[in-house]
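Labels A, B, C and D are assigned to the chains in the order they are written; within every chain, residues are numbered from 1.
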Amino acid sequence: MMHETFVRTRFCETDALGHINNTSYFIYLEEARIEFFDLLGANMETQRWQFILASTKCDFMAQGYFKQNLVIQTWVSRVGTKSFTLNHKIKDTQTGKVIALGEAIVVYFNFDTQQSEPVPTELKEQLLEYHGAQAE
Amino acid sequence: MMHETFVRTRFCETDALGHINNTSYFIYLEEARIEFFDLLGANMETQRWQFILASTKCDFMAQGYFKQNLVIQTWVSRVGTKSFTLNHKIKDTQTGKVIALGEAIVVYFNFDTQQSEPVPTELKEQLLEYHGAQAE
Amino acid sequence: MMHETFVRTRFCETDALGHINNTSYFIYLEEARIEFFDLLGANMETQRWQFILASTKCDFMAQGYFKQNLVIQTWVSRVGTKSFTLNHKIKDTQTGKVIALGEAIVVYFNFDTQQSEPVPTELKEQLLEYHGAQAE
Amino acid sequence: MMHETFVRTRFCETDALGHINNTSYFIYLEEARIEFFDLLGANMETQRWQFILASTKCDFMAQGYFKQNLVIQTWVSRVGTKSFTLNHKIKDTQTGKVIALGEAIVVYFNFDTQQSEPVPTELKEQLLEYHGAQAE
């Protein structure tokens, strides 16, 4: 399984080189991450939980342009003890062309104690449902 | 008197038309406003006070470009009972060319009661020091 | 008639006050403006035309929040010789609450001669179809 | 040798968690990269050259806050045939605390032929002057 988030690029996300500025891709990746967390949360009503972003990365494969319709595919590539890794593929919805690849390392974090904690079993199982997916 | 804030435009603030995107000017105006509030606050240590932005506006007089050094001049054009108006002139520091004119209506606000309140006399006096300045 | 643009607020569009930052509203207004121009352009295939933003303004009526679904209603409030004025109302789609009011003065501009030009009759007629609309 | 870029965080770069949003760090990294390219360019007047960003990454070590004065240290960690890697350390200028670590893979690119090209010897030598620096 993998999650799909859809965005249409905005004019203010372009830059003077005529394409989407590199910083804008991290806006799209944040959107995808938050939608994915919402999705998990929808199944976990008995428990409030939080995440901290430890690291994020983007490989730029092709230029993106204004008014482009993009899909950001999100899946889980690693589930560790206290953290997990999300991978993203950003594609043009019309041509299927890969525009960028993203990655995010997310730490399971207790905001009360301000410390990382082991990923709960229930969440681990949810994450594993999105594990190993190969975005095409 | 008027306050001057200096910014150098960033690449990600441009857009595909090759100039500074209109949304970026509001980043500069926010910078100028916050610096101006800091300045006032520096003289008002006995009192914590807060502001709410009720309205903001920008007239675009000339195009701005990447790596341009800008000065944002800020002065007070109106001091009312519960609000005041700031005006801004954004100029190229090298040529003096006017790039944009800004305006902000700021309400004096009590965050505890969630209501606007009369601007205190001491603050009014501070604001009046920056009143009527004609940015050249 | 009026045009409606839909946006869902993003996390990176919030600020440390816990609400949508004032600069983000100008992103939404740009989205609405561009969609409106697209709409007009769709009816004007025989002619390439361009616009320049001369001024933009936003009145903040209520705080906006993360993950809020907003509609930006756009209509024409003035059609002049060489320019026209767009008005916007930003509302929460669920409650109908007005979050902000926007305005944009747009100049009809010839990029080849770098000069403003009279708004063509055909465009004037299109604009007048969206004139006088009262967003509710 | 390493290059230092100074930024003061802006209010609109924060988010509703009360700290600097992750996407804002990529604004700072772009600033640092562009300053570094300017620096190299200043020594290479006989030749116009261009770069393409192939990948960028940020590890978030500590939270950043509004009005924080940051220094972004930039150095070269790899010089390859057609590309090179920049590393960045973002620190609080007052406390020296490390806030984030950045990385960027940059490809030497000929915009006329739209192809990557070997990094010229002169540029390689310039890059090597910033190689191996250990930011403290």
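Convention: a contact is a pair of C-beta atoms (placed from the backbone, for glycine too) under 8 Å apart; a residue touches a chain by one contact, two chains touch by 3 or more.
Values in this document were obtained by computation on a predicted structure and should not be read as measured data.
Put simply, chain A has to spin 180° for its C-alpha atoms to lie on chain B, with the angle rounded to a multiple of 5.
In this assembly, the chain whose C-alpha centre lies farthest from chain B is A.
Averaging Cα coordinates per chain places chain C and chain D 36 Å apart. Here the spacing of chain B and chain C, counted between their Cα centres, is 23 Å.
Counting partners per residue, chain C has 11-12, 21-23, 27, 30 as the residues that reach two or more other chains. Per the touch definition, chain A reaches chain B in the complex via residues 11-12, 14-16, 18-19, 21-24, 66.
Residues of chain C that touch chain B in their complex: 21-23, 26-27, 30, 52-60.
Those residues of chain B whose C-beta lies close enough to touch chain D in the complex are 10-12, 27, 30-31, 34.
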